[in-house]
């Protein structure tokens, strides 16, 4: 495998460059008989589009998905589902002077080292735009897991150092940052605006909650549910850290504090984050992903070009101030794909009901 | 795949239960012509054995590895390398009264939910003992990457809330906790001793550093180097969080703070942790793994049995107070296996030298 | 994996139904820096198109391929290559009365059994049309192996019981059936014409020759070169038998007849077909694939519908009389993809040249 | 993957060299709750052991299997099952003068070319002995498919040019060659004896029949049931050709002859061999594998050594005259493993029964 496919049974392959003709995904292994239309996918893509939030890029991405295979009369057939999104409004010319320059914090340098050639326009394959294909594929995964009553919700836990004081999901659709704490959201918006003015960017933390997941999903040792979730989230370009349940804070607990007592009503606490020994407990899954600030900044930076010559760089063009909130549906997509895959894998070993 | 294999080209499969006849690993895809003898593997296993540190279990594991295939006259042949470690000194009887009880923080409950059957003795497959097989396989991975000048070193960054104030590798072999800060190490030892007396356990943070890694390793989008490292480390039962480079703290940085300037001498800083867009930069790779406290504690706990009946549980038997420092060679093994795999994968697309 | 992907490092995924909006392929793992343009792929597709041969269907398939990703300024970049071919001239309505009928010899019955739903139009995913996507992907594989001097040539060895008396490749481009024996080709053409008049179809045997393959390609035991070639060819819907070198006739040889003596000039004979113990010898690879007659025949047939009711069926519509010669580029594509994959795999274990 | 693993969900990895300390297999993905003891596996191994048949080698292989993991109190647990068979009675010294010689028809030359190093003793990894590990793993696969009522039976269809005139399975356990035609069996025995006296060997054809297979197993396009079966059988060192149903003879049929009519009682004929479009029909699966004569012959042969110098070679040592009948349980094992894997895969997409 060359890195562009994930999953064992529910398999997602994405393809495409930021400024090529199109991007897309092939979803193989989707069970037959699931209702699926373009609008189901479009709905998720809309959530990833640059919005009205202060963090947003002014680039207009139509992001119209076309469903090319794998369905018949509105239902999946079990054959591969091909999704394509044409690239429009790509101002490739604005990248001309970046052709031989390595933008700090981007994949420019490493792609050049790895392949000896790269499509520099908009970051090519390493662009955040590739995640639109993930969101499209994730929309299908969401339908697969929804049949089993599983829902995945990502929200903004922290942005620019401002932390939500509640993690209740009640209010997350009420502000453009999908932050459960309306007051924190207002402060985050303000901080984003300040940052935009400075030509700088902000990082943050996303929390993802999975409800309705049955116990027993996840495989032993190497393909644990938490291991696969960590890989999926760390596979988003911007993510530099992942934790499950109590996560890094569990390192400061004692065993008697950290262990979740099991009672007749289920687990009394959830430091485990819904996963024990890599397998789901049936409780809520709780994950957090740390997102670094977007590396494309207006402020001048030191770097070099492909010949090693020092260059002073100010990145123009249209960029977000933070990957939050656009990253939220991407996180949901990645988690949903992992869950759909493990759901199918678990079925394979479950004795058929008599 | 059913979760017990990792890697695409350098592939490691582990097998075995804590109290079964043996545990072991099969390493497939190791390049031919590498010097390999049992003592190379034994050396790493010694590092994982319960030691004299205050954190150690009194269980004596002989952990003698036997090399059954894949070498000829002291060199690898390119065929699968089979490693086996017989289980000895396993006091299975001491687990008899745990047969139907779900120990909090362990995989007992989830294995029962997943498979409907489990080997309860010593945690079965979910036991930390399984990691001995990983360490054995990792010893081979270390030889593969050492040929390219790559070294992997794990050390104790934090234990029981006490943090090392330096991360220099100079002193890590000078104390039994492999902590770079001797004063912190002394305080950690003391805290471990206190915890043992209370019948409680401690968590901590491991840091892993990779030196000498060439640029260009890692695959795009889903099999990024950091994604695969995160999965590998989160695949260790005790790990609840993973971060690369600046990790979670990058969420509080601005872009201008977080971006590593590229100079004629290389990257001026290393917030990226040696990985950009999922591909190695050629700089040092820096990873941290958060380890929860060992769930087997002497203190009484609430739980239920397999019929849902409440049980008051005090775990007897021989257990460590912390996974640190025994987890260190396991972390090194996992990271080394990922690196060996990506090293071979990169060769496949690199034009042969003329 | 759900069956629509082949390869470990050079990976091909195809998607699409005969009468859906499009078919296509994603090629992941192609090395960077290879010249690649749409016309390189189009050239191979032209060979698969219904031609002027007597065996041909009158359906006009424009088969214009569009290259959507993975190249930059005419060279591959190492990222996934997405290829799409729009379906045109698909007379779906002519399949309306086949909606609930299982055509003998087709996948109608088994797809219904497997998925409980199927796109009946033109055979859906099981249509021979899917092989156009393989040919497109194979065109890229051909370029990868051509760099190492490897060429793959398929020709018509037998058709309708008429066998070529020579297997010299000199004349195979001189007749529309790509048969090395011009006289046999003329008789084959006549037999095809007779068969068309009867509303019947013919089977045949394709031979594939690989020249310039270096020794050492293929993996031990399960992923032997011959095993992977057999799978690739048997993965073409029409193929019911595969043999390597002396193949089935080796079953009637003695060891002293069958063994190929090794001389200072190489192997004196080639009963092995260029593969020993699953690994290439450096000699010519010789494979034969037996193709059944096309199951879509005009003659009336007995079958049942989805409710099990007997049906008398005469298949109208536009169909070939034989898969030969259109299957030839498909066979070449499948063999080329296998070779490209094993070529990359072998590089991974080959010590870099100093 | 480096070639020593097969299967997606039911995964078998084999390891070991003919004259190393041991050979073995790891079976991962076996469903939990299946009765499994060493004697279940031993029973199959006995069938592969050199017997009293005239074709047999006098090498005594104790072939005692040891079950090291994956079961608890006589039942599988869902965790990896490790099987080991110690090598005994290996007369390595008798191979000393073959150290630098390439035996014709063997993997000696190609392993040397591929790896630059090889264990020459007894053929190392390329030895037929490796198939004992497959038979051991296959015994587990047989138990998995037996639960669904599937049985796999291989028999001798042809040996040394003598063909069985019946394929009824009634008599196959009544002669040591497992030939359904007792008269043919007697002639085969005679021919084997003659061949042994001449220091020569014989090839033959094995037929495998699968009864009780449900419809719907097999995946589209690349992982068709017939494609996977062909790969599995061609992955046996001795096999040079594989055909399904009418196989090569279908190349000489017309469509009206070859199509199997579907009636209210099922398929009226079985030219398809129980597989249509790569998916099982529910009818009997019929496969044939052509086995070349064993390359180790007493007769003098021309070859070269590792330096390219011509060598005259007479192979001493203990060798079979034909792979038949010892290959029969190997064929059954390979087919059973493929079926077990596809059975689990099909479950994953089958809606749970309400």
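Order as written gives the chain letters A, B, C and D; numbering starts at 1 within each chain.
The criterion applied here is as follows: a contact is a pair of C-beta atoms (placed from the backbone, for glycine too) under 8 Å apart; a residue touches a chain by one contact, two chains touch by 3 or more.
In this text the structure is predicted, and so the values were computed from the model without any measurement.
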item: Comparison of A-C and A-D by number of C-beta pairs in contact, larger one; value: A-C
item: Of all other chains, the one whose Cα centre sits farthest from subunit C; value: B
item: Subunit A and subunit C: spacing of chain centres that average the CA atoms, whole Å; value: 38
item: Separation of mean Cα positions, subunit B and subunit A [Å, integer]; value: 26
item: Centre-of-Cα separation between subunit D and subunit A, whole angstrom; value: 45
item: Shared interface positions of subunit B, touching two or more other chains; value: 1-5, 8-9, 14, 29, 32-33, 78-79, 114-115, 125, 220, 345, 349
item: In the complex, subunit D residues that touch subunit B; value: 1-5, 8-9, 11, 13-17, 20-24, 26, 28-29, 32-33, 66, 68-70, 72, 75, 77-82, 84, 114-119, 124-125
item: Subunit B residues within the subunit A interface of the complex; value: 1-6, 8, 14, 102, 104-107, 109-111, 113-115, 125-126, 130, 158, 160-161, 195, 200-205, 215-224, 226-235, 237, 240-248, 250-264, 268, 271-273, 275-282, 290-297, 299, 301-304, 308-310, 345-346, 349
item: Contact set on subunit B toward subunit C in their complex; value: 8-9, 29, 31-33, 78-79, 220, 344-345, 347-354
